[in-house]
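Take this structure, written in structure tokens, and hold onto it; I'll ask about it next.
By letter and in written order, the chains are A, B, C and D; residue numbering begins at 1 in each of them.
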Amino acid sequence: MAEILPLNKAVEELIHDGAHVALEGFTHLIPHAAGHEIIRQGRRNLTLYRMTPDLVYDQMIGMGVARRLVFSWGGNPGVGSLHRFRDAIENGWPCSLDIEERSHADLSGAYVAGASGLPMTLLRAYRGSDLARYNQQIRLITCPFTGEELTATPSVRPDVTVIHAQQADRKGNVLIWGILGVQKEAVLAAKNAIVTVEEVVERLDPAPNACVLPSWIITAVCVVPGGASPSYAQGYYERDNAFYKAWDNISRSREDFQGWMKRHVLETDSFEDFQKIKAETAQEVTS
Amino acid sequence: MTTQPYSADEIMTVSAARLLKNGAVCFVGIGLPSKAANLARLTHAPDVVLIYESGPIGAKPSVLPLSIGDGELSATADTTVSTAEIFTYWLQGGRVDIGFLGAAQIDRFANINTTVIGPYDKPKVRLPGAGGAPEIGASAKEVLIILRQSQKAFVDKIDFTTTIGHGEGYDHRVRLGLSTKGPTSVITDLGILTPDKDSRELTLTSIHPGVTLDQVRAATGWDLKIADRLEVTGAPNANELHVLRDLEARTAAAHKGD
Amino acid sequence: MAEILPLNKAVEELIHDGAHVALEGFTHLIPHAAGHEIIRQGRRNLTLYRMTPDLVYDQMIGMGVARRLVFSWGGNPGVGSLHRFRDAIENGWPCSLDIEERSHADLSGAYVAGASGLPMTLLRAYRGSDLARYNQQIRLITCPFTGEELTATPSVRPDVTVIHAQQADRKGNVLIWGILGVQKEAVLAAKNAIVTVEEVVERLDPAPNACVLPSWIITAVCVVPGGASPSYAQGYYERDNAFYKAWDNISRSREDFQGWMKRHVLETDSFEDFQKIKAETAQEVTS
Amino acid sequence: MTTQPYSADEIMTVSAARLLKNGAVCFVGIGLPSKAANLARLTHAPDVVLIYESGPIGAKPSVLPLSIGDGELSATADTTVSTAEIFTYWLQGGRVDIGFLGAAQIDRFANINTTVIGPYDKPKVRLPGAGGAPEIGASAKEVLIILRQSQKAFVDKIDFTTTIGHGEGYDHRVRLGLSTKGPTSVITDLGILTPDKDSRELTLTSIHPGVTLDQVRAATGWDLKIADRLEVTGAPNANELHVLRDLEARTAAAHKGD
């Protein structure tokens, strides 16, 4: 059964230095608040998994949280490069970052395999792609029935998966709707799961086949309204596209990035506090 | 009838849109492919089925998405499934007619690099990476590629093959065990390139009105083959331009202040 | 795009002698009307797939439609044996029936693999079970990453899958809710799909992540109100438990069975007609 | 306090229900397992999670289902997923604490036959087959089995091992690569059998009140081991009987006329 906990407590108890951690959310419902809390608590040497490392991983990588990154597409969606991600890979700043690079088909399948208790994913992938030359974990196996060669890759089974969702009830059952990404699979693939939610409601009212994550597969539920911002939460708030664009400038130089992170994350106590400061500095930028 | 003035980007988008048949099932990349696919849907191909890798199937966005997972896609879709399911049941399952991709770099055989400039282990420029492209390129029955033509993008040799087009040409796809067609057109702001029927080398088969061969050659990092019967792309018609500009205006208005 | 067709036309055009056919529906939404139509049209030598062959397969098998059956549980749920299924396996009546027997985990996975365009399923299964001795298609493969032995079985890719659903719109998009079974996977695994529906509505009103089968993966949609009876259609009608019980008597002897099938199926023109006769004979039974 | 009279089936159901801890995630077979699991849910274990192979997770039926996929299961569940997902994410994924099975035939090591009586290729009686049982028996952390005890069901040698219990005993499960416990109790209308801690042979460890050892032996097709400290099963209490009879009455009323 999920415990309803403050986010800082959940991160403190469940995410340890050196852990394998996935923060998932495909454009929608990205767990930014949780990423900030991991940075605030100074975690180090994490192996991070994420199909689409974007701003939240740029921030975590730039702050030296990650030792290794498993991913399939790293960019600022609709804007361009992730400067901190690039700086880490191109220049090893602030520390060297190992990467394990896969495709969306593979990595989403790897979460499915992890959720299914399997050690490997089986798919048709990478035919003719150089990715298979640089990732030694991409193997071929032969179908015993047809003789076809198929791709096998290791499944993903994080120590902790962190996602953001729209609603939980008081027992910690979670409801997600709209773009689901691989969140359910990432939760089921992990040993522990932290779910930040927009709100706790008296009663979930799911459609018959809705995406419900039962309380008993979740370790901690944390109420963090707006906790996906600057990404969006369908039914709650829109994507803050302006911030995605602004991030391109904020993150371009190491100094600007560090200054911003200090003021907005390290010197704030919570995501609520961060949002206040962000609103203030957004005024400065536009004025 | 006089044609309206239009930009190079506009004829690129219109030319790409025209290649989508009504009813085709199209796996859409964000940016230029998404714009062209939606233009097709709003003009000659109302029943084109747009699938985005984030999960929406049959999306009918009224404004263009800025990200691959905008709420507008899910809200207008026939249904939204998990990202994993998109790649298993829908793409790998052989349900996609057209994979519609962009590219950072492309070579003469329409192989695509979206991974690195420079050596993989010590990149000069680290690009975003593969995303869904390698499997879209392999599993979609056919692939369209849309990107602006330049020496930087159209290179003699790509540093990294993220997504195979026609490999080293000829029957290379077949030798790799691929039974799909691969790239059938590359649509740029200067013209349309299609693979030679034997060598599969990209050949300029259509040039946009007012563009010179020298311009095209100057924007290509290899000695570009030109078709014997080079066509001139039909200019965008008034309706296409109207719908495209409307779509862009609606999109700008929706994201005003962003 | 699906064509909206009368059921008899769809069966005539799409299901041929010798074809591999799956009629799916897990207790809920079993395509009985379609099964009757296949019997009426005298199909022979079908390879039938179904996780839970129940009354509709008992009828098809007893009428000599099937040459081979791939299944994982064959019984009259909550009642007992399927007498025609047993008679075919135990005594080869009315013709010999080859069986390929699998477990639910395997066969549901085999539909998933079929839907995913893969030739094989990968799972943990059959450990210590004699099923693996009698089904030569159950193989072991070794995970290249962990050395674990996993089970590989062939995927299922029928020529035609037939299912029943609640609603279609005029374009042939289909909406299903409640117990989904493996219907979606069975449709996606097949070359062609026939979907019988309770009704055609002006506009489907699916929840955001509802089970919708787009028109373009379906070959024919046939409007057959009540077409799942005696199983049920959530939101439309209940399971006819009395008929499941009655079937035990009807099917016990070859003669009674043949008489019933003649009167109810062979001598009726349609499922509507069948339902009228069935209502009449139900009166006879209870009076 | 006097105990109310009760039937052999009632004490079987009550004894089985008592073995389900509150909060346990239970993969429920239809029939006796489903009845016992719902009795547990309606008495001491309100938070037991019932998963049915047809797709419902967290079902809370107010009347007993007649089939494994009754609408009542889906209508009262936290959510309903596909049958394939039940077996992959939930069972194989290691999320199930208790697999709750019935059986046609069982042997001294709690191996189960639900496939054939007689030779596989020329069966005397063709039974329904495996269903979900082989993987429930392997992947659930622990298995409970409920069935009525008789010579016909409790046989010296089963004709076919559909679902392994403890195989040939001792560490056979471990040798097969299974890390789960397998059957921990077999609950019958006469008593409760549990595997010996070393040999894993089923041993009568609890006998229902009023049942004699001779009765139990006569209903067992092998020389049944009896525990040194044989317990007498606690009789159903008034509340258990009340709730069970209510449940059965509601079920009968709901299916009246069927």
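FYI, a residue touches a chain if its C-beta (ideal position, glycine included) is under 8 Å from a C-beta of that chain, and two chains touch if they have at least 3 such contacts.
Source: prediction; values computed, not measured.
Shared contacts of chain B and chain C, meaning chains that touch the two of them, come down to A. More C-beta pairs in contact connect the chains of A-B than those of the other pair, out of A-D and A-B. Note on chain placement: the centre of chain A and the centre of chain C lie 41 Å apart, centres being C-alpha means.
Between chain A and chain B, the centres computed from C-alpha atoms are 28 Å apart. In whole angstrom, the spacing between the mean C-alpha positions of chain B and chain D is 57.
Counting only residues that touch two or more partner chains, chain D has 74-75, 80-81, 88, 92, 139. Shared interface positions of chain A, i.e. residues touching 2 or more other chains, are given as 112, 116-118, 123-124, 148, 178, 180, 184-185, 208-211, 234. Contact residues of chain A toward chain C in the complex are 116-120, 122-124, 137, 139, 141, 143-146, 148, 150, 152, 154, 177-178, 180, 207-211, 234. By the touch criterion stated above, chain D contacts chain C in their complex at residues 30-31, 53-56, 66-71, 73-75, 80-84, 86-88, 91-92, 115, 120-121, 123-126, 128-135, 138-139, 160-164, 167, 172-173, 176-178, 255, 257-258.
By the touch criterion stated above, chain C contacts chain D in their complex at residues 26-28, 51-52, 71-75, 77-78, 81-82, 85-86, 89-90, 101-105, 108-109, 111-112, 123-131, 134, 148-149, 178-182, 184-185, 232, 234, 238-242, 244-245.
Interface of chain C with chain B (complex): residues 1, 112, 115-118, 173, 184-185, 188, 206, 208-212, 214, 216-217. Against chain A, in their complex, chain D makes its touches with residues 23, 25, 47, 49, 57-58, 74-75, 78-81, 88-89, 92-95, 139.
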